[in-house]
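Quick one: the structure is below, and I'll ask about it shortly.
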Amino acid sequence: MPAFNPVALIGRQNGAKSTELVDLLGQFLTARGCEVMVEQSTAEAHGIDRFAGVNYEGIAARAKLAVVLGGDGSMLSAARHLAPHQVPLVGVNQGRLGFMTDIAQEHMLDAMGELLEGRYSIEERTMLQAGVLRDGQTLFSTNALNDVVVSKGTVGRLIEFLVHIDGEFVYDLRSDGLIVSTPTGSTAYSLSSNGPILHPSLTGLVLVPICPHTLSNRPISVSDSCRIVLTLRHGDDAQLHFDGQPHFELREGDRVSVHRADNTIRFVHPPGYSYFAMLRQKLHWSGMY
Amino acid sequence: MPAFNPVALIGRQNGAKSTELVDLLGQFLTARGCEVMVEQSTAEAHGIDRFAGVNYEGIAARAKLAVVLGGDGSMLSAARHLAPHQVPLVGVNQGRLGFMTDIAQEHMLDAMGELLEGRYSIEERTMLQAGVLRDGQTLFSTNALNDVVVSKGTVGRLIEFLVHIDGEFVYDLRSDGLIVSTPTGSTAYSLSSNGPILHPSLTGLVLVPICPHTLSNRPISVSDSCRIVLTLRHGDDAQLHFDGQPHFELREGDRVSVHRADNTIRFVHPPGYSYFAMLRQKLHWSGMY
Amino acid sequence: MPAFNPVALIGRQNGAKSTELVDLLGQFLTARGCEVMVEQSTAEAHGIDRFAGVNYEGIAARAKLAVVLGGDGSMLSAARHLAPHQVPLVGVNQGRLGFMTDIAQEHMLDAMGELLEGRYSIEERTMLQAGVLRDGQTLFSTNALNDVVVSKGTVGRLIEFLVHIDGEFVYDLRSDGLIVSTPTGSTAYSLSSNGPILHPSLTGLVLVPICPHTLSNRPISVSDSCRIVLTLRHGDDAQLHFDGQPHFELREGDRVSVHRADNTIRFVHPPGYSYFAMLRQKLHWSGMY
Amino acid sequence: MPAFNPVALIGRQNGAKSTELVDLLGQFLTARGCEVMVEQSTAEAHGIDRFAGVNYEGIAARAKLAVVLGGDGSMLSAARHLAPHQVPLVGVNQGRLGFMTDIAQEHMLDAMGELLEGRYSIEERTMLQAGVLRDGQTLFSTNALNDVVVSKGTVGRLIEFLVHIDGEFVYDLRSDGLIVSTPTGSTAYSLSSNGPILHPSLTGLVLVPICPHTLSNRPISVSDSCRIVLTLRHGDDAQLHFDGQPHFELREGDRVSVHRADNTIRFVHPPGYSYFAMLRQKLHWSGMY
């Protein structure tokens, strides 16, 4: 009996090779006794009808594992959909390895075989919940696996906002923006903005200013039980981003509230997975520079 | 006979104290035998009619010195207007000292007295000339004292462009943007983005990537005789900024050409001016952190 | 009845004003019904005989609070002595405020009055335990409040060592050294070496490479339950430092083991203390740059 | 007639393959009509007697080109010996490419063939001259191609010194040290310490503080016509290094004077050489991170 059943497959909308890959993996799983679901828009994009096309709700309701065939961006999207429903994820990379899609395409079947036979480890990743308050009303709220980012828009002038953590005033930041990042996000945009790497097991978040006016405004890491509030003082065209994808235009006075989401997302890794081995490869630590 | 005559006064549009200050300085200069011109929009904003209101063209044609009463932003604006006409500038700061407006308001009359009696030093500052080429046509060209910046817009995704220096391919940069800065600009936005400080006497420019995807994309300083070309590959809403002020939306394929402007701008300093003393004060080098 | 009794006073060996200050505080405490002990070397250095001179063992055995009159260095030293014995510390700064000595001299008596009347908060600070293993033998072990640092010596060439965390290989680091820092140490040497600020409530440590050869060797923050092992591969004159004070010469093959100490040190703060207010002041966040 | 004649070969003292390589290149050059000299200690280390063993003086007196077979360290050493005598250098790397040894071993003969037939470019690299003044006496002076570094020694506490440029006071620096780097050195130690890359054609130097206490003590680039003086205030075991090799122990009050050397060193490059192509390869700019 396979360790995970049913299994959902989530691919990219585009990419010629995706069709084949979904097909190959679907047949492999079926042969091992798994019920296979293909995420609906993936199925439609690739004209896959051999397996049931199921939307995210359906996957959330029944799948015991979701295999993401794509890059880190695909993982982010799947995580935001599935985190509230506790469906664990595993990532197969179609190009070069990602920080999250750590199974190479050529090892896909071997790795999936291991997982189905119960040889795997589970890693929990913290997610963020963020909302915008305007005039005492919550405009909306969403979750993010990597980061919540406030940044300047097209006008190109620095923006200014107040930062509070658990109600305590931190500073009045003048910068191009601020990244609130999870450990997972610490190897993404945050890293480009001079943020530290946070190991996924650290129960912390990091606030990373983007091009701060004051040179001593360094990244600050805090416990992930903190509640962070950003209040926009100046910057009419300031933007709010979640995992680099959706965006929302802020107004002066808006308050962005960020805290750890109730749910985590779980990543499934085949035997031999090492977080640091992945970092060594992605960041060229093995070689010079 | 005053060392500079006529003298133009350029103030801020807003600021209650500007009226008084322009008035005070105008009378001081008149008493020393100087003809005084007040920049037209300054004169209008403050209802000044005691002195001739003259537009930038008039100032460019006749003034031997322009006194800027404001902050570094006012100096940047005046420099862009007056550089082609060789009118030297001196900056009086109304708030805290600026990197360029190095005369404190309370020392204004003393300092101006020194200048009129011929005790001063002249410092030449390099400016940039930048233009955009689209489909073989130069869309426009302008100059900048601090920097020319290409940056992402509201979508918030990194942009990608090719950088060539004197026709030699440098790299394919994926980042939030790139700053091409003069020595003058090296203490402005460039510094926030991890750029080095370039002494004004260095005949160099610096290319500073903003949040580069590749961590080893460090600032590169090149001779100011170089011609730098940035070719946008990806990033539909990429923006082009000059001295942080005007902006222009780039399209994929656009080429931004940046090189040293033919004209420099000259700053006039009273006796005792020290570039490093200014840095020590502005960057809190005297104290801890 | 005073909230803390007896109270130990720990001063600097040098500093003319220390004598007066110890005397003043001692009398204040006596008047409030406290038994006062003066740390022996402090008493001897300043010729204080009005209060009992007691060595660190005596303080550890009986004092309910230790007041450190000095700078952050004095706090580090007192913390290393007293942490195993659970004596809480409070710091009074004789010069400018420190990151840990957050009570200004002129507010000393008011603040102490508050503490004795039971108005205070307690903050626990994580400490490190570090030891050196050579040829299977533990050469010695000690604790540190700020950091454990491996660094190159006088020869000036980079050193090379392997880093393992909880038995997992992290990387082969070629650099001037590596800092393993607590949250408390994150605002000390680590900050100068481009490390992030860790809030004291974060249950984490940070590994900060010093001038790493590979530019992507960025600071890494891990849970403070991790066991970190550094194995020296190259660098005959590599040095080991604890809180920047004592040092020990490492040999190739030596293993430095670092983990969270069993004991924490507790800091006592008067009402109104704010960690971020302290950072704002120390790091000039209020002003420009 | 070969474009360079005689040609000196300079190898490493160790390395099994060096003997073969020197031999191979020597025969190639002889066949093209070149007189071949082998640097004496190289000849002795490898037991080479087919070609004349000549010391650096002899090479300086007669060679028209020196081929360095080794890494960047070998180039630095050869440059310090030969710069005063105007012998140009070309570097063949035995392992992975260096910043200066830009000819791969497998392309050695092709590249040398091009050079001998007159197809090459010449690049001049600025060198530094540095001396130590103690009690009004110059203790010694030497030159460096990469950098002059003042750094703390084994005690591990920060050192403090005054920096003057052309007699103007810059700052009182408290740090682990300071690097004064040429453009050539800007991709060496300076880069690890957060310094910018300076293109070799920039007539500038850069001062890069090592772990500065004050976070706004950023790298400063100045004209290479400047005279830089560092005066040690505190730090008994401060060390002075040239190109990372020799070292000298400084005393409080010592003044280290650094300026551009009278002579440059010339690098010879085969056709197709590109400085930026070399950077892209060395710094992994082509790929991610």
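Observations
We call the chains A, B, C and D, going by the order they appear; numbering starts again at 1 in every chain.
Everything below uses one rule, namely that a contact is a pair of C-beta atoms (placed from the backbone, for glycine too) under 8 Å apart; a residue touches a chain by one contact, two chains touch by 3 or more.
Everything numeric here is computed off the predicted structure, so don't read it as measured data.
For subunit A, the chain whose average C-alpha position is most distant is D. For the pairs B-D and C-D, the count of C-beta pairs in contact is higher at B-D. If you average the Cα atoms of subunit A and of subunit D, the two centres end up 45 Å apart. With centres defined as mean CA coordinates, subunit D is found 41 Å away from subunit C. Between subunit B and subunit D, the centres computed from C-alpha atoms are 37 Å apart.
Subunit D has residues 191, 194, 213, 215-216, 218, 283-284, 287-289 in contact with two or more other chains. The touching residues of subunit C, when paired with subunit B in their complex, are 96, 215-216, 218, 282-284, 287-289. Residues 149, 151, 153-157, 175-176, 189, 191-194, 210-213, 215-216, 237, 239, 241, 244, 247, 249, 283, 289 of subunit D touch subunit C in their complex.
Those residues of subunit B that touch subunit D in the shared complex are 165, 168-172, 191, 194-199, 201-204, 206, 213-223, 274-277, 279-280, 283-289.
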